[in-house]
Amino acid sequence: MGGSPLPSGVGGGDGLAPVTAADVAALVNGRLVGNPDIEIVGVAPLDRAAPHELSFLAHPRYAGWFAASRAGVVLVSPAFEALADGPTTRVIVEQPMDALVSILARFHRPAARPGGIHPTAVVAASARVGEGVTLEPYAVVEAGAELGAGCWIGAHAVVGAGSVLGRDVRLYAHAVVYPGAELGDRVVLHAGAQVGREGFGFVPSATGVVRIPHVGRCVLESDVEIGANSCVDRGSVDDTVIGMGTKIDSLVQIAHNVRIGRFCFIASQAGIAGSTRIADGVRIGGQVGLSGHLSIGPGATVAAQAGVFGDIPGGETWSGYPARPHKEQLRAQAAVFRLAKLIRPLEQLLSRREDGQGP
Amino acid sequence: MGGSPLPSGVGGGDGLAPVTAADVAALVNGRLVGNPDIEIVGVAPLDRAAPHELSFLAHPRYAGWFAASRAGVVLVSPAFEALADGPTTRVIVEQPMDALVSILARFHRPAARPGGIHPTAVVAASARVGEGVTLEPYAVVEAGAELGAGCWIGAHAVVGAGSVLGRDVRLYAHAVVYPGAELGDRVVLHAGAQVGREGFGFVPSATGVVRIPHVGRCVLESDVEIGANSCVDRGSVDDTVIGMGTKIDSLVQIAHNVRIGRFCFIASQAGIAGSTRIADGVRIGGQVGLSGHLSIGPGATVAAQAGVFGDIPGGETWSGYPARPHKEQLRAQAAVFRLAKLIRPLEQLLSRREDGQGP
Amino acid sequence: MGGSPLPSGVGGGDGLAPVTAADVAALVNGRLVGNPDIEIVGVAPLDRAAPHELSFLAHPRYAGWFAASRAGVVLVSPAFEALADGPTTRVIVEQPMDALVSILARFHRPAARPGGIHPTAVVAASARVGEGVTLEPYAVVEAGAELGAGCWIGAHAVVGAGSVLGRDVRLYAHAVVYPGAELGDRVVLHAGAQVGREGFGFVPSATGVVRIPHVGRCVLESDVEIGANSCVDRGSVDDTVIGMGTKIDSLVQIAHNVRIGRFCFIASQAGIAGSTRIADGVRIGGQVGLSGHLSIGPGATVAAQAGVFGDIPGGETWSGYPARPHKEQLRAQAAVFRLAKLIRPLEQLLSRREDGQGP
């Protein structure tokens, strides 16, 4: 690193108030071994944790790091309770990583929020800005846009003309809301997310192709989160709607007229083509592609990298290309790899039969 | 939604002047059933259309929405002409969605264009800016750049040093033209598109790896459109060229030295590796990957998610991984799924033959 | 093009000082045929090279372009030495493209660097900015951030609160460093790259799902390069670390807690899920997906579009979905395409056996 003067644990992970090893054990319902009075002010991985920091060991892969760790307290699973080397103050729990996640908030200092409207923010005269809104440097709020109370708009983010944002919406730096989009309360757009552009629709014309005018809306319901550099198109003849509480990761593409239900999870680099409908509680893995005009039932799961060209019933798990029910896909894949050894004798067998040479 | 006060149809879909149901029927060559005098001022999907809005029903999947719809007029296919429930003023056409698209422009109010050069735009003294150019807040035009008449540069967009834009080029918010790129007339870059950066080329050196200097250009011919957050590299030893009228969707990667012909369509999240040549009229599906130094013939189609590692002749449709002619691919996929049931008896049969146990 | 007045070779490729054909031959260890005194001031592809420019011909595919080229000097492989048509001054080398790359720097004029801090740049009072730093228009440096000497921060780029950049870091326009990230010396972030955001991690709560607080860091070691619109998450319970000299292309996603070794190459649109560990010298092809918690050994290669769901040993090349050792994958693919012709006779054979009809 280029001469970084940053102490370990800074960068979001420094503690707010010390917590003792005994406190940690109580918070996670674990069993303490070692010194109950060690004070912890932050969390760090084994290889950089300092004596005032908490870490965890959940997998034998990291036993070497554990042996050399300077962590003050370590959450460990029962299998590692008696390891000879490594930190001696240990909290034994069945699932160390889950335990750590459950208390992370104790050690997390949220980013400081600058107050008010930066003098470089450009706000159109016809825009309506609610109480307690933060506009960071160079934020732009176009004509007729509305921002609910408590919105926090990052540097260079753009709120397009006529768009409507609910309360406490968070746009990170460089997020772009195209004109006319609607965002519910507590929606989060990460850096570079683009929401509400006209989708990829063209029709032939006398002079080549022309864009289909997009008259549908782009609606993100409350508590939706859109990852960095992801794109959500507005509708052409229908609306594009993302349901309440749905979380979308980075570099995802949601095409025009797509409707996604509530509390879905869509992992990075997935793409959903036009007019596909996704019910509530669907989980979509990374790099999945769904073609257009499909219907994905409630609670379905689509495994990473699947290519989906047909409807998926609710509750099922599908995978592969072309996507099939996961168990069927696994059987087919296994058969292919077993086939490789058999293909030549099979060809010989069948060609002998054709030749009348038996068997 | 977070208390959105936005009336239905606003956000791009509100009408310019009322059109009667009889007018709609005439415009789409359809047959009117019901009240010819209902006035329509906008378009909306069945589930949110108001009595002054036009909608459409093309698939039985949405019959429930139709039954409950408040739409004033609905375009329906002949199969739905006699549905008991739902709006009673109907225009019967063979392809309701196509009919709707054909008249959307009647109901589309384009985004209002702000005039002139915003005082916060930064324009280098040596840049040349044509007549009627719009520069939105915080647009940056670097040294020596040239903008043809009528260009519209969105908020925070950057026109790099020495780049040249034709007439009526549209950069949406946050689009970036790297130094030295050339864009023809009416080129559109959506938000976050990055055009003309140095590509991913490195060569070994005494001190590790060094970047290959990129001396090739990045040329987008007239009427090219680049989707949100897509990336087009400049050439290293050749130019990167995208031909006239070619349309590219969101999150697409075009590597250095790629040459794409005229009037191609490239869907979201496709990636094209270095030095590949694509002829005119090629259609490339979503998430397709083309490796480098390939040649794709005129009018070829590459189906979604295909992984292409060899040339594709003109006019053919290829799919799958590794990509093959589509019919061949379908046959192979079908064989695999039929194989899963046969693999164990096949193994038994062949192992008995090896053992001399027959058949 | 829209009336571009740009002369050939401008846009980054114009020469700095003339070089004669004899000089070129000496520089690349080639054999000169033709006029040794022709002066070259730039490099261009065959189809647009002018009489004062150098080009190359490496593949018979471009023989037609060679025949019509106006290039002053052309690097050709021995097979093309005696071509009847085309430029007559030729330098014969075994690998013309490699030869060209080796001397490109002679013809490359790096982009001019504006000096100092643009008056529109916003720098927090608590930020520390080293000597010789360039801040382009509308760059934002937040509270407590540190920039080493010689950093060059492009237009609209954002350096988040508390982040630390080493010496000579280059952020292109619109790159975003989230709060608390650490970048070593000479790190390059291309336009739209997003580094250090909180990753995609949620846990159930009484009121739906809540974000896992991310207390891990995002560390890019010296000489790392991140492509346009790529995203690197910060760690949740561990750090996200990208090792020295690793180069990452456009539209790549690196999730939380991922650790990547030194001198790796990761091609465009690849995605790496949470907590995966990648050793030194690994090469990952375009559109590859790696699922979470994997281990990829030193020097391994993952072929384009592979879907990796298990560990890969060092030094091996894997490909396909699900990824397997490359040779095994090729055998399986070949077997599948041979199977398509055999599946029906195989089914008939096995069904006859079941029926007791032999053989």
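For reference, chains read A, B and C in written order, and residue numbers begin at 1 within each chain.
Convention: contacts are C-beta pairs under 8 Å (C-beta built on N, C-alpha and C of every residue); 3 or more make two chains touch, one makes a residue touch a chain.
Predicted model, so just to flag it, every value in this text is computed and none were measured.
Q: Same or different, please, for the chain B to chain C contact, judged on whether over half of the interface numbers appear on both copies.
A: different
Q: How big is the rotation, 0 to 180°, that puts the C-alpha atoms of chain A on those of chain C, in steps of 5?
A: Rotating chain A by 120 degrees superposes it on chain C.
Q: For chain B and chain C, let me know how many angstrom lie between their CA-based centres, rounded off.
A: Chain B and chain C have C-alpha centres separated by 24 Å.
Q: Do you know which chain A residues sit against two or more other chains?
A: If we look for residues of chain A contacting two or more partner chains, we find 120, 138, 156, 174, 192, 229, 251, 269, 287, 321, 336, 339, 342, 346, 349, 359.
Q: Considering only the defined contacts, which chain A positions touch chain C in the complex?
A: That would be residues 1-6, 10-13, 42-45, 48, 56, 61, 97, 100-102, 104-105, 107-108, 111-112, 118, 120, 136-138, 154-156, 172-174, 190-192, 223, 227-229, 245, 247, 249-251, 263, 265, 267-269, 286-287, 304-305, 320-321, 333, 336-337, 339-340, 342-343, 346-347, 349-350, 353, 358-359 of chain A.
Q: Considering only the defined contacts, which chain B positions touch chain C in the complex?
A: Listed in rising order, the residues of chain B that touch chain C are 120, 122, 138, 140, 142-143, 146, 148, 156, 158, 160-167, 169, 174, 176, 178-185, 192, 194, 197, 200, 202-203, 208-209, 212-219, 221-222, 229, 231, 233-239, 251, 253, 255, 269, 271, 273, 287, 289, 291, 295, 307, 309, 321-322, 324, 328, 331-332, 334-336, 338-339, 342, 345-346, 349, 358-359.
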